[in-house]
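I have a structure here, written as structure tokens, and I will follow up with some questions on it.
Lettered A, B, C and D in written order, each chain numbered from 1.
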Amino acid sequence: MIADPTLLLPLAVLWPMLLAGLALLPGWGSRMVLLLPLGPLPALAAALVASRDVPVALPGVLLDSGLELGATGALFLGGAATLWFWAGVYAAFYMRRDERPAGFALFWNLVLAGNLGVFIAADIVSFYVFFALVSLLAYPLVIHDRQPASMRAGTVYLVLAVCGEVAILVGLMLASFGAGGAIGIEAVRAGLALPSAHPAAVPLLIAGFGIKAGLMPLHVWLPVAHPAAPVPASAVLSGAIVKAGIFGLVAFLPLGMPAAVAGNVLMILGFSGLFLAALMGLAQAGAKAVLAYSTVSQMGLVMGVLGFALAGGSAPAAVLPAVALFALHHGLAKGALFLGVGLAPVCGRAWRWGLLGALAVLGSSLAGMQLLAGALVKSALKDQAGAFGATLIGLSALTTALAMARCLAVLPRAKSRCRPPLLMALPFLALSGAALWLPWLLYARITGETPLAADLRSLIFEAWPLGLAALMIAGAVAVGLKAPSLPEGDALGPVQRRVAALSAAARAAERAGSRSLRRSRPKPQTVIGEDLDRIEDVFREGAAAAILVLAIAGAVVAASLI
Amino acid sequence: MVTGHVYALTGAILAGLGLFAFIILRHPLRQLLAINVVGAGIFLILGGLGRGPDATDPLPQALVITGIVVAVALTAFGAAMIVRLAEARAATNAATRPDGGKPVP
Amino acid sequence: MMTFAPLLLVLLPVVAALVSFALPERLSAWRNGANIGVAFVKLLVVAYLLVQAQAGVVFEWRYEFLPGYDFVLRLDPLALLFVTLSVFLWLLTTIYAIAYFDRGPNLPRFFGFFNLCVLAATGVAMSGTAITFFLFYELLTLATWPLVAHRGDDKSLRAGQIYLTYTLAGSVAFLAGILWLQSLVGAIEFSAPADLGAIPPLTLTLIFILCIGGLGVKAAIIPFHGWLPEAMAAPAPVSALLHAVAVVKAGAFGIVRVIYDVYGIGTVAELGLGVPLAALASATILYGSVRALMQSDLKKRLAYSTVSQVSYIVLGASLVGPFAVIGGLVHLVHQGIMKITLFMCAGALANRMGIKAIAELDGAGRLMPVTMAAFSVGALGMIGMPPVAGFISKWYLGVGALQSDAAWAVAVLAGSSLLNAAYFLPLLYRAWLLPPPPGRPAIAELATTRDRMLILPAVVTAVVSLGAGIFASLPFSPLGWATLVGLGYLR
Amino acid sequence: MSPLDLLVAVPLGFMLAALLSGRAARWLILPAVPAMAGLALWLALVPPDAAYLVGHWDLPLGILLRPDGVARLMVAATALVIGAVGLHALVDPPEKAGNAAQAETFWPLIYLLWAGANAGFLTTDLFNLYVTLEMVSLAAVALAAMGSLEAALRYFMIALVGSLAYLLGVALLVGRYNTVDVTLLSQVAQPDLATMLALGLMTAGLLIKAALFPLHGWLPPAHAAAPAPASALLSAIAVKLGFVILLRLWFEAFPAVTGPTALHVLGGPGALAVIYGSVQAMRQQRLKALVAYSTVAQVGYLFLAFPLVAGAPDPSGAWAGMMLHAVAHMLAKAAMFLAAGLMLKAAAGDRIGDLGGLAQAMPLTVTAFGLAAVSLMGLPPSGGFTGKFLLLNAAIAQGAFLYAGVMILGGLLAAVYFFRTLSACFAAGPAPREPATRGVCTAAPLVLAGLAIAMGFGGSALHNLSAIAAPWAAPGAAAP
């Protein structure tokens, strides 16, 4: 039907926008919620069949933009489209009786368009446009239920998102300038690798994308925002939208050219996030919050590896496929986990055990349980992380497993005898299946190695952190250990309180200042005015005129004599 | 010293006196008279300086005659205004007096 | 025949003004028709001129109004950029004003001066000599005053006084500047910068300060911005026009003219005048944003936002790099379209729901969704959110700043973007996310013709500002045109 | 026949007719306006070297009438102003309640003023100028007396002092050179003490007539108290005659006597007048007093121009600026007084604060006031602006930054007080007393103000007109 598969690329972003537009029609809101799964279909098709590395020019749009699907982008695109599709199915059912269907459908589709567009943008301007779209319009999804907690979360999200946008914008400007004004992503990345590149460009980009991807000190929005959204939205937020940040790093970090400072900083922040976030996740009371911290942790892992690659100057061709594969797995698995958490309240007795089992498998896969897809993708990453990084990744299995256990422990209870509806269960199962199967399918094609090349013994030996985790979990359950509790968003609360105090102080100071300015002053006008009146009275006398006539006549004579 | 210069000097003194009077006097009628004295002085100067050694120059004479006509006209006009003003003041005073403001004969 | 085209653009509003003044209130339908009709004809003329100018034709009309001093109307690409903006927005604002006032008092006067105001704005754009520019610039001051003081209450009158005090002081400074320069190089034509080589740098600098200081009053550069927030006492259509096209833009446009057509880029760079001006513009950008953040009145906040945004133009012009120039010029248009959207929406809110303070915006999005949607587009554009047009300006300004070795200006842009977000997003938050006060009914925004005339202009400008962003690289887009202008200067 | 003598004779004839026709005198303005306008136009078009000797007596005894650029401009402006004011007064006679006879005295007086002013602008004979000066003064005092006798008497006394000082100067010149013709004097004048003294006395006397600060004391009370049409004529025409005679003295008769320093004796008070008049105008609470003080300030510009004309390498610009300023002031100030008169009739009181609501009630009159104000403030496009522009140009070109600064400051101060007035008109106020005025009444100030604005578009033509037979253009008579 479509003659040129490259036309799928524009369609991939325009189609969701069209759906979004339809949601604006009066009364079409709930109808469009039902059509949510349709949004990512062109993108899915594009990821499968569109030609790789063939630019599609869009003359006249923005700064003569273009779209292009690279190999890495295709993985991101395909994974995101899959997740969005199944989340859409889930949402179509989950949100069917929502109060605000039009708003949900509108922003869902717009964010979808932005999210997919990020992966296929060929130039930085359209990239930035899509990034802003996905970044800022996710805000309405976060606050969809309008609960006070969600609103607070949304505000935090928005503030950091805007800061991130600005950092990225400035970073891209610096980068584009460094590349001689070029706006093609490849050219800009090449420009960043040059020694003449502006020293602030890469750090700004890292900060901007890091905010989106939950880089450790900038992650505070993520654990509050992801759980606040409705379940399907949480799934895409954590599964697909954070990947926009990762993809930004993938697209712009000048890999292949050693950049020690930026790379090491990114690596340290990433790896510390890997552990700290998982530990903080342990202390969460809500299952979705735990999952959100787990996302921070896993993204920390990816960014740590990217940082290592950046510092070491690894070739992009080696690093990126591994990163893409990991992102694919994490996106699908995390999406499935969120959907699973959403299923928990509707899973009665027997169903609950099934759900717990499925979640445990997914969790183990995330933690890197041998023979599951997670181990596969992690092994691909370990190859690129150096010895130390590989050790850290191995160790992280412990914390991740603990976090996953925590998630299962705090899973919401269901009323007895509930039965999950098919349209909610199916997406969960489909995503779980995809998460566990797709990496196996793609591993060889992407990395060029056969899966399970290593021998079984070393595999089992490497699993010791997981074993330790299992022991710890068993022990905790046995003694009834209660996890410590931390508020969502850890450092956020204290910061917010201080900001509020400072702004109150500033307002008070301003009020005091304007009061002191308003004090009445004596009026010099009246004093001078009276003098002027007296002077004027003198001039009105004929005598004065006569004298002045003499004076002026004298003055003319005197001046003429000079 | 030529006779003309005597006239001119006298005229200058007259003008000066008139000016002095104009400056120190306040009543408009007196001021008007002072100005007439100045005018007379100036005409004397004009006539005196125009008086040549041999023949009388017609120009200053014509000027003096014209000037005197103008001065007379202006003096009359000024005097009329002063009278009018005095009448108006009297009327105002009468109007504000308790006896109802009959014109003063 | 078409050498009279520039003159036609000046005379058409005169016709509309006279008709407006002359027709009594009971013939208001005729007046409205004449206003819209003339505005539309003007738009057609401009469209024709644009096509011609694209082909390189430069229209010029000349008249010696004093020996040695010509009155010149010249339609170079830069002039057309501003003319197109003002003519287009004038049409929309006229429609909006007709709906806004409906049957208020003193409308003949209002529309008469309204036309004169736009006449002056187009005249400023088309001026080919410094003295012509000054003539129209002053006419603008005068024609705007009755509009600012239109309501006749104490607040408006005070605003009018303040407006005049500032702008007239600015005008005389500017006049002194151009006279001084004229005494040194003769009449100043904008077609090519005069040869300033023989003049001592100190004199040139002083003249530059006089000119820019004078123009800076209208462009609301600190510390000369005080009049702008006060002028908010004017009715909404006036604020819209004042902020978007007429007054502040005339100032900014004048600064562009002075830098590029009077001094020339080379001289400005030689004298080292660009950087201080850019620094001043930057200070204005940040200060205006901070002050906007502190306002609790909707129009005041928008006003301070204008203070901040107009200095983007000045910043771009003073950085004298290829991208910066284009960014500044394109922002001249983009800011106009976006800010007029905001003001028309603010006026509609005040008109239909009595909303003036920001705190009253709660739930406005639910009660007047179309208006608030347009408002949101404008606000996002002001923040620089893609794909609204404001983003394109910021992009060019940022890269341009880097080209001119002024990385600090990028920091200013970034800080300003954050501040913009900080003062615009809460508005959107209130309007869309907070519940409306109980008992307030939804407004039928599109029920009658008048309602539609009140809302649709803002919708049109909102759509245009989106379009100007999304299709920025088309030849007749603001960016395309600004690039044409900018390249002309850099050749 | 020549327009030169007719311009003097015809108004005199009308004056006699007006005196004889009593209550019907007002209708004489109808034939007078086209007749005088035609003559003024004729004058504007006569060849540059046209001249007329009254009674065909040769110089030095005869009286030469000469249509140079100054005369052409001033005569035309006078015709416009008196014509418009006359038509205005025809419909709305200037009389106090219960004093119908006043209106009758108005008509002969304006013809006297017309004749005197025309004669004064055209003649170059210093003694003849004295006579015209007295004619104009007489008419002016009588016009002022229609409002306040007291102010008129004060004006009269001070004016007499001025006349006598001028006359004394003439006497000295007659004694020294035995001629009173400007052209002859310029050929024989020597820079000796007698000449200087004569020049000084004449200058001082004329400055009284022209009301230059600090000799302006008589003007504000007289102009503010007179009926509006009378004030219009006083401010527009009476003060200009003194100015024109000073031009003749300083630039035509004695350019060789006066040094550059002496010119600042005129320029300095001129600058002070701009500031002082503006400051006083800003302080006024009554509308007409404000307008009157604005005249004080505007006269300042005319004299501030003296050193600029003399100091310019090519004086044509400054000269034209000065003349344009004078003419624009005539038109604008007459318009403003007429408009102010109409506004005060409708307003609740004569204070500026009482003007509220007028912008709605009488938009055309307020427009006329506004347009006149634009020209007086020197805002473009207007004759006032063109004049000020040329003067500023000259000032800056010759480095006279002090004068330039004063001119700029003066414009700003004018804006302050005029816009205060306009603001007051815009304010909400009580319903005006007499909302409807008749067409001609409204049209007269509007036309005058419109002409002042229109001058801004015809700068080149007026510039060339002002240059006809200008003193600086004549070889050998250039300014020092």
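One rule holds in what follows: a contact is a pair of C-beta atoms (placed from the backbone, for glycine too) under 8 Å apart; a residue touches a chain by one contact, two chains touch by 3 or more.
Computed from a prediction, not measured in an experiment: that's the story for all the values here.
Peer 1: Which chains sit in contact with both members of the pair chain A and chain B?
Peer 2: Common contact partners of chain A and chain B, which must touch each of the two, are D.
Peer 1: Which chain's mean C-alpha position is nearest the mean C-alpha position of the whole protein set?
Peer 2: Answer by centroid distance: C.
Peer 1: Just curious, how far off is chain D from chain B if you go by their C-alpha centres, in Å?
Peer 2: About 27 Å, centre to centre.
Peer 1: Suppose each chain is reduced to the average of its Cα coordinates; what separation in Å results between chain B and chain C?
Peer 2: Chain centroid spacing, chain B to chain C, equals 67 Å.
Peer 1: Indicate the whole-number Å distance between the mean C-alpha point of chain A and the mean C-alpha point of chain D.
Peer 2: Averaging C-alpha atoms per chain gives centres 77 Å apart.
Peer 1: Take the average of all CA coordinates in chain C, do the same for chain D, and state the distance between these two points in whole angstrom.
Peer 2: Taking the mean C-alpha position of each chain, the two centres sit 42 Å apart.
Peer 1: Counting only residues that touch at least two other chains, what does the list for chain B look like?
Peer 2: Residue numbers touching two or more other chains: 22, 31.
Peer 1: Can you list the chain C residues in contact with two or more other chains?
Peer 2: none
Peer 1: Provide the list of chain D residues touching at least two other chains, using ranges where the numbers run on.
Peer 2: 157, 161 - these are the residues of chain D that touch more than one other chain.
Peer 1: Mind giving me all the chain pairs that touch?
Peer 2: A-B, A-C, A-D, B-D, C-D
Peer 1: For chain A, which residues count as touching chain B in their complex?
Peer 2: 542-543, 546-547, 550
Peer 1: Which of the residues in chain D come into contact with chain C in the complex?
Peer 2: 316-317, 320, 359-360, 363, 374, 379-381, 385-386, 389-390, 392-393, 396-397, 404, 408, 411-412, 415-416, 419-420, 422-423, 426-428, 456-460, 463-464
Peer 1: Tell me, which parts of chain D touch chain B in their complex?
Peer 2: Residue positions touching the partner: 60-61, 127, 130-131, 134, 138, 141-142, 145, 149-150, 152-153, 156-157, 160-161, 163-164, 167-168, 170-172, 174-176, 178-180.
Peer 1: Which positions of chain A touch chain D when the two form their complex?
Peer 2: Per the stated touch rule, the residues are 529, 532, 536, 538-542, 544-546, 548-557, 559-562.
Peer 1: Show me the residue ranges of chain D that touch chain A in the complex, using the header's touch definition.
Peer 2: Interface residues on the chain D side: 154, 157-158, 161-162, 165, 191, 193, 196-197, 199-201, 203-205, 207-208, 214-218, 220-221, 257-259, 261-265, 269, 279-280, 283.
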